[in-house]
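Please go over the structures that come below.
Each of the next two complexes has subunit A plus one more chain, namely subunit B in the first and subunit C in the second.
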Partner chain A sequence: MSRPSVAVLVFPGTNSEVETVDACVDAGMDARAVLWSDPPSQLRDYAAYVLPGGFAYEDRVRAGAIAAKSPSVAVVAEQAAAGKLVLGLCNGAQIVAEAGLIGPVAIAHNLPAGHFQCKIVEVELSASPARCPITAALPPGARLKMAMAHGEGRFTGNPQFFDGLERDGRITFRFVGGAPNGAMHAAAAVCNEGGNVLAIMPHPERVAWNYNLAFEEPRLRGMDPMRPSTSGSLFASLARALKG
Partner chain B sequence: MKLDVAIEPIVTDNTAFTVLTALRQLGYAELERVWRADHLLLELSGDGSAEEVVARLSRAEIVFNPNKHRLRYAIAGVRAARGEMFEALVRDRDENNDRLVATLRTTFGIAGLRALERSMAWRLDDRAGPATMKRLEWACQALLANPISQTYEIRPAPEYRELGEPASAASKRVR
Partner chain C sequence: MARAATADLIALSAQVLPIEGSDEDLKRLADSEALALTPPELRAIRERLGREPTRAEAHAFAIQWSEHCSYKSSRAFLGSLPTQSPDVLVGVGEDAGVLRAGEIDGTEYGVVVAHESHNHPSQVVPFEGAATGVGGILRDVLCMGARVVASADPLRFGPPLAGSHAAYVAAGVVDGIAAYGNAVGVPNLAGDLYFHPSFRDNCLVNVVALGFVQRDRILHSRVPELGEGYDLVLVGKATDASGFGGAAFASLTLDAQESHANKSAVQVPDPFLKNVIMRASYAAFDTIAAQGIKVGFKDLGAGGIMGSSSELCAAGGFGAEIDLDAVPVALRGLAPFVVLMAETQERMLWAVPPAFTPQLLSLYNERFTLPEVAANARAAVIGKVTRDRQYVVRAGGMRVCDLPIEVLTQPVRATWKLGPPQAPALAVPAPLVTDVTGALLAVLAHPDVCSRRPLIERYDTVVRGATAIPSGYADAGVIVIERPSPRAVALSVDGNARFGAISAKLAAAHAVVEAARNVAAVGAVPIGLTDCLNYGNPEDPVAYRELADGIEGLAEAARAVTISSDAGLPFVSGNVSLYNHAASGSAIVPSAVVACIGRIDDVRKTVTMQFVESGDALYVLGARDDRLGGSVLAGVLGLTPSGELPGIDYQEVNASLRAVIDGIGRGDVHAAHDISDGGLLACVAEMCLGGDGVGEIGAVLASCEQWAPGIAPSAALFGEAGGFVVAIAPDSRASFEEAARSLGARPIRLGQTGGSSLVVTGVCEIPLGTAAAAWMRPLQDLFA
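So, the complex of A and B:
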């Protein structure tokens, strides 16, 4: 079976594209970094899009605000409307939210912390796996270790709208033990109504292999360091969704 | 008394330049200049002069860095003398400044400080001069404010001045 093509979008200030491409390639996808300066129209040739973490345009104005207005993201929005899969990771999630791809949801400054927070967190699949094709191959209630590293990661919006997100199964992942960043409903990830766009704040790609987590989980030290970790399974699930 | 305080970069403002480029690309082709400042609105009890409060704030150096910023102020509600110039203030809906107020009050001696609001202040100039209120409104909706997590207000621009600078000098100075 051919490897599905995935574009990993890179903006000035993106800093996680290498590990994102690696995580996608290891999961069986043909992932390539596509620069902001490449012709946006070529993005239409890809089967799916991953917007990686970092500080696109130095987070000027607000995290993700400038990249969200870029011609590349306009093409991603157009392709998302046609049903293609889009995965935003941390700064990529902020770009996805600023572009309006997950509806009236904002990702704002961490509260009450009020500062950048960096730690390994555990998130739980809080919706039915099939609600979002990107998570469809994960077991119900799957718990994944991810690397939280953001100062603006608090999912927020109208409380009634968030109640609706809860009812519709659009709060895809939730922080186990409460959201350190103060996100409404302890949301770590939110998908769009169609389920084909998923915005995740903690980084799965930074802890996609056992060696990334061995300092955190001593039991992993005797295991194959290059074996995919729990969050590596998210990329495997994305690959499976693309392969049908 | 309410006091408007603007903390402006005196080094190159990369964010303002990025906004200039982005707003042009979004259709405001005649835009020529973007000005930006961290804005504080201080609510003070009656005693103590504005100059005294600004002097204490300058010495505190926790809201600005004198190597990178200039601190200017205006008595809130006093309108700019120079024509129709507007300023947009963009504020986070969930902003909580209680800790900052407590620190300024107790550690830095601004005893009369009752409340503080933080915003980002924006002014735009195009080929015809200062941007109209309608243009600023458009810029806020297009880029400067996120309607879900932020609010914005567009108001006549105050005449900020530096500590020790007479109001008349501030009104003559080209910003």
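So, the complex of A and C:
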């Protein structure tokens, strides 16, 4: 079967494109970094889009705000409306939210810390795996280690609306043991109504291999360090969804 | 684009300064021109040139002959440091050093390392000073043709009392490092942190950066052979007046009253632009390698365009012609000599064949759109490499500089009066400690010992996805070189400030040995070092002696640690920072800060400091020592601060390093930690708690007489003689002990892991939760 093509969008200030491309490639996708100066129209040729982490456009105005208005994201929005899969990771999640692709959801500064926090966190698949095609190949209730590395990662909005998200299975991942950034419903990831756009705040791609996590999971020592970690399995699930 | 300087500003730059009269006259001239040059140096300029210099030339000399650029006070001593070994690919003398990191799929990789200080700027404007320190070191690594992959920050502050200026400086520095490193996307891999009153008015902000590069793609900080007629291409931020005189500033004494004036000498960071420049440069490296083009590449640091272009061309044996009218500037009305020497951040200089220039310009300006990323940022041709070794700078058709390039770049020397040898430290008997529990909790809560987690969490430690052991979980951080190869590199930084207060020489030697132990404790083989020598005013005989002693200590230890080469551990990069003292005259404690690089063939075979199994056997390597000078315990108990430091037995050091590295490689060792700040008991406590402070495996140690016979219990438990504590799988005990002994190491059984307390038989039993509370808390408020 051919390898599905995935565009990893790079904006000025993006800083996680290398590990994002590698995680996708290792999971069987043909992933490429597409620069902001490349013609946006060529994005239509890709089967799916991953928006990686960083500080696109210096997070001017608000994290993700400028990139959300870029021509490339306009093409991504158009393709998402046509049902293609979109995965936003950290700053990519902020861009997806700013672009309105996951509804009236804001991502605000961490509380109570009020500053950037970096640590390994555990998240739990809190909706049915098939609710979002990107997670469809994960086992129900799957627990994944991810790397939180953000100062503005608190999912927030109208409390009734968030209750609705919960009921509708759109809070895809939840922090285990409470949200270290103060997110409503301890949300670590939110998807759109159609389930084809997923915004995750902690990074799966930065701990996508066993060697990234062996320091705190001694059972991984001695195992193939380059095999996908639990976070890496998310990219395998994305690949599965694209291969249909 | 704002470019042309007015005729009067050009004339000002080209104006000849009369070097004549008495010392007093020349001092007045230097003061009125803000030239950091002494009367003898001014006369030397006239002598070397055979004429009087222009204003632009005089400023160029002031920078190139500053301590920061010329190492004029330290050069005489630096020659004693070992700099060669089979692992050195590029030694000292370029923007950064390169060590052999290992072969992947038939291609040899180098690990690039650079080490700098940004002490004075960080004291004056902590956020910007620390951020630009990170920015500068990343460029040094980038300019070797490398992907920049990690940074580390050794920090020294005054006691962090709530509301104090020292606390403000500490918080601002950490914010600045985080803001820059996190945005640019370079993970923080290591660091250390000490507090001492001598850093109150003069903090130390050292910074180390690592890169990876294929050996055949290393770029050099010089115009290559056949480089005549090459274009000089300036890349980056539009030049402004920021940082004008920065190198001279780094070599001056800080005065609180002048701190406002000093602020203009500090540069302005732009990690966002740097992020894009780095990516564009990576694309340039790939093109250059694919097309087999020979180039030179150099960071703009001290002295801006002047410093970089003169050194790049002189190192290749060429001269240069610079056209200041071609330099993209941020504002009108800058005098040409300011444009030439301002230290605006985020700039680099290429020397490339003219046929390649259009491709390089298009890559930066069009594909990576520099002009859209920051106002007037771009790549632009600003000059030519010439065959005659003349350094010529033009502005508006006038020559503002025209001198033999070597005169500018050839270092001067300063020799100062060397003070008498340091008085020997006092022999102080080890005290009787009756409340070991109370002492341990006080030691764990000491600012030099307590958990660094509140600080480390501010830094991105995982960007790039290459991190195997992040900062704070082990004695060294570990990153893989290139997926999917399991090859990796470890990094540690060290330099005990309390030891420095007692003996400049022994503290420096301990720094080398501890740095080597730290990379060994994760399973890496130490292969090379960098140093940052932070000392006081060299014109003060006492401080000058400390500098000389410190270098002697580094040289002695580095030559003696023969773990990877008979030549010892080579220094491949470094920096000297002098004049670190308050205006009151009180100098910082002598601070040789050392970074050590370790090589790891298989990242699977690494361990952290945290216990992973109950029932593991605990061993100590390295003899305990009754001397408690410089220990945290001495501070906690209020003992005389000048007691003798523990000694170093290099034979034991080499044997123990090998025993630990081999033991980790065989899988015998489950956890390892070096004994340093706080001593053995704090070391074991940290192994129980782990980097997050949530570990649940305790330890039971035998009574002190069993593992440290003849040593006072207080010194056995809290003495800071170096060594390791290792946890060994029960069925590997025999193989570990046998292998270690055959290497000449002396592993001594300490106890075993298990339970939920830290127990010393007959002495104390401390629940891990109690230890964690003491250890985790102290820095939370400082970095909240």
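Throughout what follows, the second predicted complex is superposed on the first by the 244 of 244 C-alpha atoms of A that agree within 3 Å, B and C clash if a C-alpha of one lies under 4 Å from a C-alpha of the other, contacts with A are read in each partner's own complex, and residues count from 1 in each chain.
Keep in mind that, in the parts below, a residue touches a chain if its C-beta (ideal position, glycine included) is under 8 Å from a C-beta of that chain, and two chains touch if they have at least 3 such contacts.
Values in this document were obtained by computation on a predicted structure and should not be read as measured data.
Quick one: subunit B and subunit C on subunit A, clash or fit?
After superposition on subunit A, subunit B vs subunit C: fit, no clash.
Pick one for A:A183: touches subunit B only (first), subunit C only (second), both, or neither.
In the superposition, A:A183 touches no partner, neither subunit B nor subunit C.
Once the two complexes are aligned on chain A, which partner has more residues of subunit A within touching range, subunit B or subunit C?
Looking at subunit A, the partner in contact with more of its residues is C.
Let me test your reading of the model: by the given contact rule, A:V61 touches which partner, first (subunit B), second (subunit C), both or neither?
First partner only, subunit B.
Given the touch rule stated above, what does A:F215 touch, subunit B (first), subunit C (second), both, or neither?
A:F215 contacts subunit C only, not subunit B.
Could you tell me the angle at the CA centre of subunit A between the CA centres of subunit B and subunit C, given to the nearest 10 degrees?
About 70 degrees between subunit B and subunit C, seen from subunit A.
With the two complexes superposed on chain A, say which partner A:A149 touches: subunit B (first), subunit C (second), both, or neither.
second
Between subunit B (first) and subunit C (second), which does A:A241 come into contact with in this model arrangement: first, second, both, or neither?
Touch partners of A:A241: none, neither subunit B nor subunit C.
Touch test for A:K69: subunit B only (first), subunit C only (second), both, or neither?
A:K69 contacts subunit B only, not subunit C.
Scan A:A108 for contacts with subunit B and subunit C and give back first, second, both or neither.
first
Just to confirm the value: shortest Cα separation between subunit B and subunit C in the superposed three-chain model, in whole Å.
Nearest C-alpha pair, subunit B versus subunit C: 6 Å apart.
For subunit A, what residues appear in both contact lists, the one with subunit B and the one with subunit C?
Residues 58, which sit in both footprints.
Which subunit C residues qualify as touching subunit A in the complex?
Within the complex, subunit C contacts subunit A at residues 178, 182-185, 272, 275-276, 279, 366-369, 372-373, 456-470, 473-474, 480, 483-484, 486, 488, 602-608, 612, 667, 670, 691-692.
For subunit A, which residues are in contact with subunit B within the complex?
Touching subunit B: residues 57-58, 60-62, 65-66, 69, 98, 104-109, 111-112, 114, 156-158 of subunit A.
Which residues of subunit A touch subunit C in the complex?
Counting only subunit A, the residues touching subunit C are 10, 12-16, 18-19, 22-23, 26, 35-37, 53-55, 58, 115-119, 147, 149, 203, 205-209, 211-212, 214-216, 218, 221-223, 225-226.
Mind pulling up the subunit B residues that touch subunit A in the complex?
The touching residues are 14-15, 18-19, 22, 25-26, 92, 94, 96, 99, 142-144, 146, 148-149.
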